[in-house]
Every structure is written in C-alpha cells, then in structure tokens.
Amino acid sequence: MDAIILQILNGLDKGSAYALIALGLTLIFGTLGVVNFAHGAIFMLGAFTAVTLDRLLNMSFVTIDPTRTNFLGQPLEVKTPYIVSWFGDSIGNGIIDWAVPLSILFSIPIMLFIGYAMERGIIKHFYHRPHADQILVTFGLAIVLQEIVKAFFGANPIPTPAPAAFRGSFDFGVWLGFPANAIIYPYWRMIYFLFSAIVISGVFAFLRFTTFGMVVRAGMADRETVGLLGIDIDKRFTIMFGIAAAVAGLAGVMYAPINSPNYHMGMDFLVLSFVVVVVGGMGSLPGAVLAGFLLGVLESFASMNEIKSILPGIDQIIIYLIAIIILLTRPRGLMGRKGVMED
Amino acid sequence: MSKLILTRRGLLKTGAVAGAGLAMPTIFASGAAAYTNEPKGGTVTLGFNVPQSGPYADEGADELRAYKLAVEHLNGEGDGGMLNTFSSKALKGNGILGKKVTYVTGDTQTKSDAARASAKSMIEKDGAVMITGGSSSGVAIAVQGLCQDAGVIFMAGLTHSNDTTGKDKKANGFRHFFNAYMSAAALAPVLSNAYGKDRKFYMLTADYTWGWTQAASMKAFLEGVGWTMVKDVRTPLATTDFSSYIAPVMNSGADVLILNHYGGNMVNSLTNAVNFGLRDKMVNGKQFEIVVPLYSRLMAKGAGENVKGILGSTNWHWSLQDEGTKAFVKSFGTKYGFPPSQAAHTVYCQTLLYADACERAGTFNPCGVAEALEGFEFDGLGNGKTLYRADDHQCFKDVLVVRGKEKPTSEFDLLEVVEKTPVEKVRYEPDNPFFKGGSLGKCNPGA
Amino acid sequence: MQLFGLSKKDTLFLLIVIFLTLATPILLQPFAEGSGLAQFNAGYPDLMQRFAIYGIFAIGFNILFGLTGYLSFGHAAFLGVGSYSAVWMFKLLTMNVIPGIILAVIVSGLFALLIGWISLRRSGIYFSILTLAFAQMSYNLAYSVLTPLTNGETGLQIRLTDPRLLDGANTTGSLPTTNLFGLAMNDSIRLEFFGRLFTFNVGYYFSAVMAIIVFYIALRIFRSPFGLMLRAVKTNQTRLNYTGVNTRPYTLAAFVISGMYAGLAGGLLAAMDPLAGAERMQWTASGEVVLMTILGGAGTMMGPVLGAGFIKYFENIFSKINDNVLHNWFGALPDGLENFLVDLVHPFVGKGWHLTLGMLFVLVVMFLPGGLVEGGQRIAALFRRKRKPDGSGPKHQPKQAPHVAE
Amino acid sequence: MGILEVKNVSKRFGGLKALDNVNLSIQENTVHAIIGPNGAGKSTLLNCFVGKLIPDTGSVMFDGHSLLGVTPYKINQLGVSRVFQTPEIFAELTVLENVMIPCFAHRDGSFRMHAFETVDAEVEIREKAEAMLHDVNMLDKKNEHAGSLSRGDKRRLEMAMCLAQDPKLLLLDEPTAGMARADTNNTIELLKDIKKKRDITMVIIEHDMHVVFSLAERITVLAQGTPLVEDVPEKIKGHPKVQEAYLGGH
C-alpha cells in the first residue's frame, strides 16, 4: 500500500513536468497549428535561466590568498561573490541560495521575449507551410539553441540546488498513519507539483475568464471566422507563443534542482512531450494535462519491482505501449478535437 | 605520372572457389604497404576519436586536450610531461621513430555507428595508423572490433566494462583504464571496513551491458565480504528522473544503495537519491549510505554537493603525489588552467605507451607494436608499477578508492583518495568467469 | 531514346544518375592530396558507401512520405531490423552478403507489414506518433531486454566462434570479411592521378549498383498508376474513397515498400561493416531520414538523395575539422589575422558541426521551400534565363508543390 | 421496384431526430430531386446512401444490394457516384490526372498493385479521360493544376470524374451552391446533356428551385426528417403542404 502511494506521488510529480511541457506544446499546436520541435529546447533554456542567474549572483572578484596554494602549487586565488561582499556573509549567501526561486521572476520576461522573438523571427513564416517544413525549421532551431548553450555552459550537467530550506524530505507516511520512513518525499518535488498545479490552473483561468483568452479559444476553434470579425488574431497568437514558451521555461526553471540541467535535456523530453500531447488529443488543453499525469503515474507503476518481475523491461516501453493502446482505442487520443492535424 | 597502388585487405575464404573469376582486383599482387597505412613520409598520423557531441562531450573535450599535450610532448615541445618520469626511456622527443606526430580528430557522438564511421574515415581517408579515445564501453568495443578488421592498433580511452578486455577482447586492442571487476574488488573491503560487515545493499543498475557487468562484479565481491543483496533493479538508459526507482529503497530493508550508473544517469540518480533524504536516515540501526562504484570527477561536478562523503573508485586522480602525476598535472594545468580528469590521464598514457611501443619495436606495424606492449611493465605514469598483461591486453595497476570531499577548496577539488588498493588485490586470472568467452585472435596488420 | 519502359526525359535522367553514381569516387575527390582543401574530399569508401546507403533509405522513405504524405517517425526501426537480420545471417550461414541482404529485406518487410497494418488505422500526427512509439519500443528493448538477440549496447558483431554453416571452417584466426562470392567488400583499387588519390571500392560499387536498381524501381513507382493513386491519397483521401478506391491497401503497400527499402539499407550497412547497433533504431535516426527527405525536397526523385548526402557529409567531414586544420588553412596569413579567423570559424566546425547543420536547416527551409532541389532548379533557371534573353525563360507560375520529375 | 429503395430509415444524433421513418423509392433513369428547408435531413439522407452514415433503423437497397454498413468505396464500386457541395477534387494533380484516377478505379477495382506499369502507357485510360473532359468542355485545361481552377470548373471537373466511372446512380449535393446565375445555367445544361447521352439515375439535393424545376422528373419534399409529399414537379409547385413547410407553419 505504501509502495503504491509512493508511486502515485512519483507519478504525479513526473506527470506535472510532462503536463507543463505538453501544455505549452499544445498551446502552440492547438492555437498556431505549428509542430514545434524546439519546444524541448525552450524547456532547456528555462532551466538554464536558473543556471545563469546562479552564475550572475556568483559573480566574484578575486583575491590572492598567499597562505594557501592551488593544484599547481601557486598561491590560491580566492573568489568572493560581489553580493556577499555587499550584503555580508549571511544575507549574500542567502540570496545566492535562493537563486532558483528568484529565477522564476527572472525567467518569465526572458522566456516571453524568447517566445516572442522566435515567433516573429521564424515561426510566423511557417503557418501556411506543410508540417514537414515546420518540423525541419524548428528542429534546426532546437539544434542551434542547444549548441549555443553547449558553447557557453559545456555538455556536463550543472548542479543547481534548491534553497537549503527545501532540501531534504518530508515523512508523508507518519502523517497518514504509516510507520516512520514508509513514505518519504522530497520537499522540492512537492513544491514542483504545487507549482505546476498553480501554473496549469493559471493558464486555464486566463483562457477561460479573460477576453483575450476567449478570443484565443475562439481562434483555436475557427481561425478564419475570428479573423473576419476584424480581430487581429495573429497578434494574440504571437502572445500565446510567448506564454507557451514561458510555461515551458518555468517548467525548466523549477526542474533544475530535481535534475542538474544539461544542454540536451530538451531532446530527452521532446519525444515524450509529443507523445503526451498526442495521447491527450490534438488541440485539447485538458487532454494534454490529463495525459501528462496519466503517463507519469503509469510510468511510475511500471517501474515497481513487483510489476517488473512479471513483465521484464516493461518500464522501458510503458509510455509507448500506453500511447499505442490509447490511440488505437480512441482515434483522437483522450480528448482530441476532430480534424486537427489529421491530415 | 600516375601510379597504381593496390591494397588487398581482408582475407577471402569462402570465395576461393566461387569467386575466382569474379574477383578481379584480387588477381593482382598484394600492395606495396606491409601493413595498413604504413607511414611513408616524415610524419605519422594518429586518430583521436572522442565524443564531441552528446552527453559525454566535456569528457571528450578533456581527452582531446590531453591528446594534444601528448603530441606536443612526443614532438619535443612543451615541458615533456610524463615523458620525464616514464620508466621506459625509448622516446626521445623527436616524434615516433623519427617521424613527427600529427593527428586527426573525430566525433563518436557516443554511438557505435557514428564512432565506427569516424574511425573508418580516419583510417581510409587520413591514413591514421592508430585509433584511440572514447568515453563508453559500447563505443570502445565497436571501434576495437573495427580496428582489428582494418589492421590498426586501438588504444581504448575511458571504458570500464569487463567485456572490453573480456569476451570482446581483440589482439589489436589495448586498455589502460581499469574495469568493473577491479572497482568491485577494490571497493568491497573498503566498504566493509567503513560501513561494517553486516550490511544489506540495494542496487540500481543501468540496463545495458556495462551496467550488468558492474552489478555482477559488485554483487560477487560484496557478498564475498558478507553483505547481502536485497535487490538489483535495472533502470532504462533513457531514464532522467529516478524517483520511482529510489522511492522503494527506503522500505526494502536495505541500508546501502549502490548506483551502477555512469554519466548523466549517475548525476541524476545520485541527485535524486540525496534529495529523497536517503543519507539522513537510519535503517536497521545504521546510517544509510550510498555508493557510486565508478566515479568521474567531471560527472561528480554535475552532481554538486550531493557527492559529499560518497565512496567510489576511480582510475586516477590529480591529487596523487607521485612524480608522474605531479609532472602531468603541472604540464596540463599550466597549459589549460585546470587539472586533468581521469579520462585525460588515461588517454595521455595510452598515447605515450603506444609511441613507446613503436620505438621499442622499431616499427609501426600493429603486430610489432602489439608484441612490444604485451607483457610490458612500466612505472612513472601516475599509477605506480603497471603491467600490460599479454593474455588480455588489460593494464594491471593499483586502484583508487575515493570519497566525495566534505570541504572542497576549489571547484576541482571534489574527491579525496581514501585508499590505494594494491594491484595484487584486484588481479584476476584471464579465465575468470567474469571475463571468459572471447579470445584475442591473431594480430592483424591489415594490408 | 527510351529504355527500361521510361519516357525519354526519365531515361536521360536515369542515365545521368547512373553516371554520377559510378563516377562518385572521382567526383568527390576534387582537391589534391596534401592541399589544405583536401579536408573537404569525401571520396573514401566508408563515406561513399554511406551516401549510397542512406540515399536508398531516403528514396524509400520518400515513396511513403513524398507520395502519400504519411509522415512515419519510426522508419529507423526497419533499418535496424534489416541490420540485425543481415548480421545474424553472417553469423549463422555465410559471409556472402546476398543471403543476408535478402533476409534483411524480407524481415523488415514483414515488420513493416505488422506496424503499418496497425499504424495506418490513424492518419496525420496520430499515425506519426504510432510509428514513433513502435520504433522507440524496438530501440529500448533492443538496447536492454533483447540483448541475447541484439547484443545490446555493444551491438551485434560477428565472432570467430560463429557457426557460418556454408563457409567451412575458419583456420586463419582472424574474422572473415563480408563478400560477394569471394569479392571482399573492403577490397579497393587505389589510383593516383594528378596528385589526387581515387579509391574504387568493391563495397561502394555494390551499394551503388543496389542504389541504382532501387532508384530505378522508385522511378517506375512514381510514374505508375499505383504512384498516381498514392499521390491522390496525399491530396484528397475523401474523394478517393468516393471514387471506389480502397486507400488502406495502397498506403500499406507504400509503407511496406518503403520499409523494405529501409531494410535493404540496413542490410547494406551491415554488409559494409558487420555490426548492428541499437542506436540505428533510435528516434533520432528516424528523425534523420525525415530531415534528409524534407531538406532535399520531399516528393522529388533526387531530393532525398541530396538531403542524405548533405547531412552525412556534414557529419563526417565538418566534424573532423579541428583547430589544427584551421591553423593550417590560415597559416599563410599574419598571426593576428590567422588567430582571428581561426576563432571565428572555430565554433562552427569540429565539435560545432551540429550548430552549422542546424543553421543550414533553418536557412534552407526558410529560403528554399522546396528543399535543395528547388535550389538546383533556381540555379538551372538562372542559366536558362541567361541563354534566352528574349524573356521566354521560366514563367511566373503560381506556387505549387515541387514537381515529381527532377 | 426502384433502383434505390429506402425503407423505414431513421437516424438520431443524440437527442435530435435527423431522419424519421423515411421511405423513398427512386426509379431507374429518372432525375429525382429532394428538397426541403434547412435541417430537414437532406444531407443526412444522402450520407446514408454513400456509406458515410449508417441509419439506426431501416434499410437502404441499391440495385438489389443492401448499403447498410458498406464502406464508401464499395458502394461506389456498385455504381454510386457523388458530387459534393464543395467540389472534392485532387487539388495537387493535373486536371487530366484527376479524371484518370476514376477511370483506373472503374477498370481495376478498389485496389490493384500496378506499380510497375506506367501511366503514360495507359492509352485507353487517357483517351477515356480526355473524352470525359471533352464532354464537360474542359479538354483545353487538361494540363492545369486542379487546385487553380475556378469554382465552376472544379464543379465540372468533379462531374467528369464521377461520369468517368459510368455510374448507375449519380448523387448531387447542391451542385450549384454558391454559383453565379450564368454558371448555374451552364450546370443545368450540362446535367441535361448528360442525362440525354446516357442511361443514368440522378438524385439531386438542391435549394435553388430554378434548378430543381428545370431538371427534376420527380420531387420529394423532406421536412423535419420525414418525406411530406412525393410527386411530379407540376404538382409540387402548388402543394399546400410544401408551402407550409417552406413558409413555416410553426
């Protein structure tokens, strides 16, 4: 029982990452009809805004400590972050420690801008081009983005820890009446789950309750008619692209403490997020979120020893197997709309 | 004005009868070269085949730095590095056999297909007489097989699987790096001293060949010191989030977690495990511990603070205090501004060892070089006394057990050497069950 | 002149392709050995073989994608299955490549039949994801659980101890080579002319002949009523259904044919180099053939081949340009300028080859919507215009999909 | 016994009754129009003839074959062709190719693996296709891209495609929808011409009474999913029930 609860927690956590990425992807799919292979790269860029802020906060001046030596036997250069020298040890280091949460604020304008620039610079020329061309251009873009990150940050993962206050884990089990240590769960993962719940509801509320959102939803359903009403739907779609990029970016920022970011983490998520979006059904936002959580939970269950011992290797293929089963039984995924990306 | 060169690589067996009429080129006499890519001019070309894209690109970059350094030293430039401490004095700093050393580079992408394509282009296009490098066992074994067929020497880079010099060993291939068996042999006694004789361990194992050989070796040795295994769980290579594998560990009754992962897998699984708070827990009345059998400083850097206090093994570390290490670190550090990684060290050694063998053999002929390397004993390359065993082309040397440092003084100072397990403790016979099944075959000079 | 049941134009086209293919070892070696530009020579056996083999892969993919518009994201699975089948044949039966290649084509055809039969129940992106899922499952399983069959991470290799029933006992102590009735695939004749070294390799010519044959078959398919039906599937499936045509067998046939092309390519890869790795089935490999086809020009005959050559050239030639090479090129310049140029070029070559490739993807698709073929057409049009200044050059036609000829 | 016999057909969409116990008999070699106000169920009925929809109850028999649950391409192979409200053509192919495809389908059936023959060598097919284009006055446009034709031309092309199959029954779903008066008249003439030249049954769904009364030999009026009356055009014109249905009695 406790094992199952644990895996549900894990699944929800994994699912929230999938759901966040898929949500952004489906906004772009559904609103703009663009197959965006650069979406994983945007997620990666988000994670690297956290790394960048961490680097910025750690900008240091160098003093020579003659009493100590470096690995070559020369006097040791000691680096002191400016922030520490300005605000003193405890406050300075405290700020550096909070780099990841601070990057949330830092990343939103950046990601909005990146999304905006991408849409205006490249994507907008591809609305009326075949999906194949969209794949080629966005894939090329993804390669370029990740190579640039690689050139600046290297290929190795870069540790980007959560603030000290959120490290460690919480004993859920005791809370639910299990013995100690039965169900422990890291604080940061719980925060991630809550955070994505907030972002997802935020996006839904935005689309449901604002005029902007209503126009966009109408545009998703029937772009031409909305255009005929004299509404500049293109401009709103540009903004939607920015929002989708920001959602993916935030997913990346918050993911940084869970797994150290590296330049190709986007590609690792890319295929998976496409599977999630399609399983959810093209053009359906709730579908994408539902599919994200569903696949996350099922993936977690598949990695349980009890299941692996019956079906060896099931955790290798579970996501794809589920995708095949769902697509064969439900032609348009879980909640897909008719006629979207079917030809 | 023009000249005709004919090469006849490969041996024809099946076709002797069937293909006599068809096999046009074969009716000409064998070519002028005595072996593949015999260097004719004043230079000799080496092929450095390292990952330059993909997750191991940084490791590849560090290997490439070391190769460039080695080439400098061989050509008599720079401070000479470990040439000065190397026990064999055959190398004079005038290239190899009087020929200036040049090199070509390629990208393995950490895929066996791409690595072989890259190595082939070095052999077919650039005339490389030796291929070296790589950062994973799959690639090493694939390229080693290719070099065997093509008739050039392969000096393996970072490859830790038992199979490289076990069931997939080849007469033209040589490995300086240690292997999974040696890691386990060195770690087991240290672990039992540090954590007690009565421990229960749980393993997470990357689900591919290297992971399995690592897991099998660890299991054998840990059970040898009286520990009991609770479970060995295989994790897909593509896993990025290990939470669902780590979560059940707490309740399994195990009090040690062994992570048979490397590279990105290792960084993520270790980070996840530490985030789950495993190391803060007491199980069975003992402190819960995590072990990473194969450490790499570059990868440890990716895991950040999470490596603190965690035991593992490594082929070499820059903080060693022997003369060879000091010379190498000085030379590398002066040129690049940071200390070399174990990958850099092993490929530097491999280049020197190859060059030295050529000098001693007096030829670049792979068979001559192989003979010179087989059974070669040397010292002064940072690992103490070392033997290139003739039976399987594996180097036998001391193994370092290291621990993540609690108080690093710099961003490079992440590991501290806990123990230097002497070579006798990690030696095994060539017919050891972990290594049996392949044979070296005969050396192939190609041509 | 009309040959092989082709129209005059197509016959000429085929003859040009045959000529180019056979002359590849000379054409790809334009720069003198030892000159700075020799780095850009691509006329060595391995790369030429790859051009031919990936050309086959892309031509086959184009039969499915270019004609029917069904975008498969799992074609690498057939490539991988073809390779595995061929290597197993080399291990069990004989090192002669013919049985291996035949088995590769058959097995991948059957595999394609199975996957196509299931996946073609859906269209559009749903179809793409189904094929992707099958290929990823194949890859993941081949890498791990199926290791006894695939040798997992290391890749399936031939060994001395393999039975090879037809080949007789191996007494040499070294691994046998793949051959065609005794003609070893890695045999080469090397000729030196005018300081250029030309390598005529058996394996390349074997692949090249295969490529010409399958190119011809593809050309026939494109020009056949069957090909017309496939193009009709792409443009309007509803109409086709109301015209009494059952589209499923047509698309399935196209899927299986292109799967067999992929299997042939896989078998040839194994025949050139008897090792089959699981990475061949990964989604990136499937994506690569998609990129090749689109980059070259989907739906055209030559496009996919050009795209394949383009990507493989970058992968193998640009990745090998290191700083050393750069310094050689610019060595004649003053030091400051030399270093400046080296630093300028450095990020785009060697380990940065991906960056250059990515940028080229973006540029090509932005400015040449019909792919590289359109680039060729534009250049040709430019010449034609020069020759006929009276204005009877290319008409300004309404924009249309790249034509099937060319 | 008519060529198309519809018996007791009903079809519901959720709570909406689209067809309610429809009985209809269409005689061979007649032009039969089905008219009715919007939402009367005309298109639903037509879709039941071609296999796009399956009625909940009742039967549809064509030439002695039941059409229930038969896929569109099989129904077409029985001899039923359909012209759509918006012309469905192969926009990326040439006009000639557009017409050759139904010729192939007519000769070779629903599937044939003719991958190693060449289209160019199919002289008979081409000549037949050209004859069809000639019939609809489009032979001069045979090498144009179908997608770039005018709407009227697209409609005529679609007719040629349907006629190329020598159908026994031709279903026309608002063939003049969205057309200018001149085009409409052309279409009427074209259809009259077709009718004159061959033995064919036509079922027309149409709003435009001018078209209906120019062509139809019999007319069925459909309202709220049920046929109100069926008669010759002259009688329909002044029929009180028809007036009521169109002018809205409720």
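Points to keep in mind about this one:
Going in written order, the chains are labelled A, B, C and D, and every chain counts its residues from 1.
We adopt the following convention: a contact is a pair of C-beta atoms (placed from the backbone, for glycine too) under 8 Å apart; a residue touches a chain by one contact, two chains touch by 3 or more.
Remember, it's a predicted structure, so these values are computed and weren't measured experimentally.
Looking at A-B and B-C, the interface holding more C-beta pairs in contact is that of B-C.
Compare each chain's C-alpha centroid with the centroid of every protein C-alpha atom shown, and the nearest one belongs to C. With centres taken as mean Cα positions, chain D sits 52 Å from chain A.
Centroid to centroid, with C-alpha atoms defining each point, chain A and chain B lie 35 Å apart. Inter-chain centre distance (chain B to chain C, centres taken as mean C-alpha positions): 33 Å. Averaged C-alpha coordinates give centres for chain C and chain D that are 46 Å from one another. Taken residue by residue, chain B touches two or more other chains at 53, 57, 61, 207, 234, 236, 238, whereas all remaining positions touch fewer. Within chain A, residues 313, 316 each touch two or more of the remaining chains.
Within chain D, not a single residue touches two or more of the remaining chains. The chain pairs satisfying the stated touch condition come to A-B, A-C, B-C, C-D. Note for the complex: chain A touches chain B at residues 2-3, 6-7, 9-11, 13-14, 17, 68, 70-72, 76, 150, 154-161, 167-169, 181-182, 184-186, 188-189, 257-260, 262, 264-265, 268-269, 299-300, 303-305, 308, 313, 315-316. By the touch criterion given at the top, residues 65, 69, 71, 118, 121-126, 129-130, 132-134, 136-137, 140-141, 143-145, 237, 283-284, 287, 290-291, 294-295, 298, 347, 352, 354-355, 357-362, 364-366, 369 of chain C touch chain A in their complex. Listing the residues of chain D that touch chain C in their complex gives 50, 71-74, 76-77, 81-82, 88-93, 97, 100-102, 104-106, 108-122, 125, 145, 147-148, 161, 165. Touching chain A in their complex are the following residues of chain B: 53-58, 61, 207, 231, 233-236, 238, 240-241, 243-245, 247-248, 250-251, 264, 267-268, 271-272, 275-277, 280-281, 283, 298-299, 301-306, 318-319, 329-330, 333-334, 339, 409-410, 412-413. By the touch rule above, chain C contacts chain B in their complex via residues 41, 44-47, 50, 94-96, 140, 143-145, 147, 151-155, 157, 159-160, 166-168, 170, 172-177, 179-194, 199, 202, 269, 273, 275, 277, 279-280, 315-316, 319-320, 322, 324, 350-351, 353-354.
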